[in-house]
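Shared between the two complexes below is chain A, which pairs with chain B and chain C, respectively.
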Partner chain A sequence: MKTVLDVLWKDALIEWRARARTVALLSFAYTVLLLFAFAIGPDAAALRQHAGAYLWLGMLLCSTLLLDRTMRIEFEADAIQRLLLTPVSAPGLFFGKALSNTLQLWLVGLFSVPLVIVVCDASLVEHVGTLLLTIALGGAGLAAPGTLYSAMLARLSGRQLLLPLMLFPLVVPVIVAAVKTTSLVMLGDPMEQTDSWMLLLLCFNLVYWSLCGVLFGRVVEA
Partner chain B sequence: MRPPLTAIQQSTETGYEPTMECVVKTENLGRRFGRRWAVARVDLSVAAGERLLVIGPNGCGKTTLLRILATVLPPSQGRLELLGDAPSPRGRIGLMGHETGVYEDLSAAENLSVFARLGGADPANIPTLLATVGLDTRTDAVSSFSAGMRRRLALAHLLQAQPDLALLDEPFAQMDPGGIAQVSRSIQALPGAVIIASHQVHHAAPLCTRAVLMDEGQIRWTGPANQAEAAWRALHKERGDL
Partner chain C sequence: MNIRWESWVGGLGLLMLIGAHYAGLFVAPPEAMMGDVGRILYAHVPTAWVGLLTYLVAFIAGVGALLTGKAGWDAMVEASVEVGLLLNVLLLVQGSLWAKPTWGVYWTWDPRLTTCAIMVVAFGVVLALRKQIDDPARRLTLSSVATIVAFVNVPIVYMSVKWWRTLHQNFSSPDTVSSSMVTPLRIAAFGMLFLATSFVVRRWRLSLAQLNAEFEAPDLPEPSAPLRVED
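Moving on, here comes the complex of A and B:
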């Protein structure tokens, strides 16, 4: 647990020192959401209908930039080698990095929600808690496999292209469940399906976090 | 297999006695990249506290050997025993490689602070360590440091970790004369066994007791460090470089 907190503190310190990059990432999220809105045009019903999808597509696109950047920090001067030579366990390192990525994805999600509400005329006043939980589980579901894959590709020159190619198919279940839950929160849930989708998100998180935690050591050693 | 270098006499004095505590022991160690053997049939023993210099031409396998000894690169063949076959020797090994292993966005003190937390070192020593390597006045991010200053910070990391086995790959590269003196002093202050791979024999040899000369992945000569320069000249002569 100490290793996880130490890695988290390290990443938080680096992100604070280079906070312009976080501002750029949040700006990118807003740009993507606005582009979706412009592409649909002034069709309020269509915008409201697909608000959840825009939110999560924005999150997905931001996640590839974020995951590539946070892992490149470890590999650009081979700091990962120095980390591996400290008495730090590979799973501890993974959970620290993945938690740091999750927190940043939550930040992107929380910043994106107000714009989605305004642009898509979406309503969520009654279900803020459920939406926050969806962002929490969806962000975590993107971060765990994303951290593993970004580490796997970190030494390759075409990593920025390869990361979405490898990551997107893997996180389709998370995106589908997150979009569905968000849409149910925003549009209403007469059939009471939210809990089932949320459970599905939770299950995928459990699988991704445990599996990636085990595999991370092999990936960074290779 | 390459024959021993005959132009200079092989030393019978290895610097290592069987009774000494051994921090590195390799038998028939090799590492292959594709079909090419970067390191082949290396038998090496290093005693606790010993200072070993590894010399040889570019691409002879010095860096690969150091990376294998640091456990960041697995060998393709042979046996490697580190720190008496300790179950988890990594926390006791320090490597200063070609890459400095620092975080560009953090200051020198913050970099040391990060690894002090992760490695369980005392953060109170950080100002002293920075003064030792001449970086105590720099509070800006490492991204604004010169290449030599980054290498000095990497050396401060090594001093902070106080490893039982320190592996230094070209520690004098990109250093000005003042930096070379500071690096030399810092290497002398390292408590455990030290293995230095360097082309700058005249700087590295006075810090070491024993030297090995590598060529095409194999050890061609072993002897006292003060004869390393002569051995290297002999190798160049044999290769027709001189």
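Moving on, here comes the complex of A and C:
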């Protein structure tokens, strides 16, 4: 647990010292959301209907930039070898990096929600806590496989193309469940479906975090 | 002439498929709701079953490759992913051909169809990843990991008709299907299984030979010393 917290602290320090990158990431999230809104045009009903989808597509696009960057710094000048010699266990490193990515995705999500509400004329019909829990589980569901894949691809020349190609198909269930839950929070949930979608999100998180945690050691060794 | 056992198995599979399709087209009764269009089930359902089974083989081979590091398992990953991908694409084509007269469109964003299409990308990327890596040991590890993670899609595809509201048929059982339809379906399923087994084994031999050649290839000679100008 201490290893996880140490890696998390290290990443937090790096991100704090390079705050401009985080600001750029948030700016990218805002730009993507605005582009979705521009693409649909002034149809307020359509914007409201699909507000949840725009939020999560924005998060997904941001995740590829974020994941590539946070893992690349570990592989520059073979820093990861020195980190592992400290010694840091591979599972500890995975959970630390994945948690760090999760926190940054939560940040992107929390920054995007107000813009979605304003631009798409959306409102929070259901409890705001449900939306926060959706962002928490959705962000974590993107971060775990994303951390594994970005480590796998960090040394390859085609990583910027391969990362979304590998990540997007895998996280479709997470995105579908997160979009559905967010839409239910924004549009109302008369059929009380939120709990079942949230359960699906939770299940995929359990699968991804455990599976990727087990496999990460082999990836780092390679 | 030395004919390997997988050729016999493939030939038997092909004969079984021909027989089953003859029975499915000319002997079995038309499907109660869809009529003659429903006869595609003798090709579509075996393709789906065997396709998912081939991905299961890829998953097991991926685990085997990670645990042992042996080229045989790695070759099996490549072979089974390739054949699984072929069957998966065939499945989508068959489904589209069936969907046009039944649903009025070749493609609709139905959960079963969408998850199946996603599965093509997930396993296709494994092959793309293999092509990107020259070092055999790294390729073994990374493609095995990618295969194991991509396998998460398989239960999602299988359960998609249960988890989401879908236009696609739900699970059937022999109890709900006429016996005159079950028999050709079973023969077609085993025929497809034998044919796919033959493909996988042939591809595995080829892949293993390529991997062994890579391991045995001599190292490149040291570069010659740079020219030096004598004082």
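Keep this in mind: the second predicted complex is superposed on the first by the 220 of 222 C-alpha atoms of A that agree within 3 Å, B and C clash if a C-alpha of one lies under 4 Å from a C-alpha of the other, contacts with A are read in each partner's own complex, and residues count from 1 in each chain.
By definition in this document, a residue touches a chain if its C-beta (ideal position, glycine included) is under 8 Å from a C-beta of that chain, and two chains touch if they have at least 3 such contacts.
No experiment lies behind these values; they were computed from the predicted model shown.
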When the two structures are overlaid on chain A, which partner does A:L162 contact: first (chain B), second (chain C), both, or neither?
second
Just chain B (first), just chain C (second), both, or neither: which does A:L200 touch?
second
Applying the document's definition of touch, where does A:A39 land relative to chain B and chain C: first, second, both, or neither?
neither
Tell me which partner A:I14 touches in the superposition: chain B (first), chain C (second), both or neither.
first
Pick one for A:M1: touches chain B only (first), chain C only (second), both, or neither.
neither
Chain B versus chain C as contact partner of A:P173, first or second or both or neither:
second
I'd like to know which partner A:V23 touches here: chain B for first, chain C for second, both or neither.
neither
Of the partners chain B and chain C, which touch A:L83 in the superposed model: first, second, both, neither?
first
Per the definitions at the top, what is the overlap between the chain A residues touching chain B and those touching chain C?
none
In the complex of these two chains, what residues of chain A are touching chain B?
3, 6-7, 9-10, 13-14, 17-18, 73, 76-79, 81-88
Residue numbers of chain C touching chain A in their complex, please.
66, 114-115, 118-119, 121-122, 125, 128-129, 132-133, 137-138, 141-142, 144-146, 148-150, 152-153, 156, 163
Of all residues in chain A, those that touch chain C in their complex
145, 148-149, 152-153, 156-158, 162, 165-166, 168-170, 172-173, 200, 207-208, 211-212, 215, 218-219, 221-222
Which residues of chain B touch chain A in their complex?
70-72, 88, 90-91, 93-95, 97, 99-106, 110, 114-115, 117-120, 141, 150, 157, 161
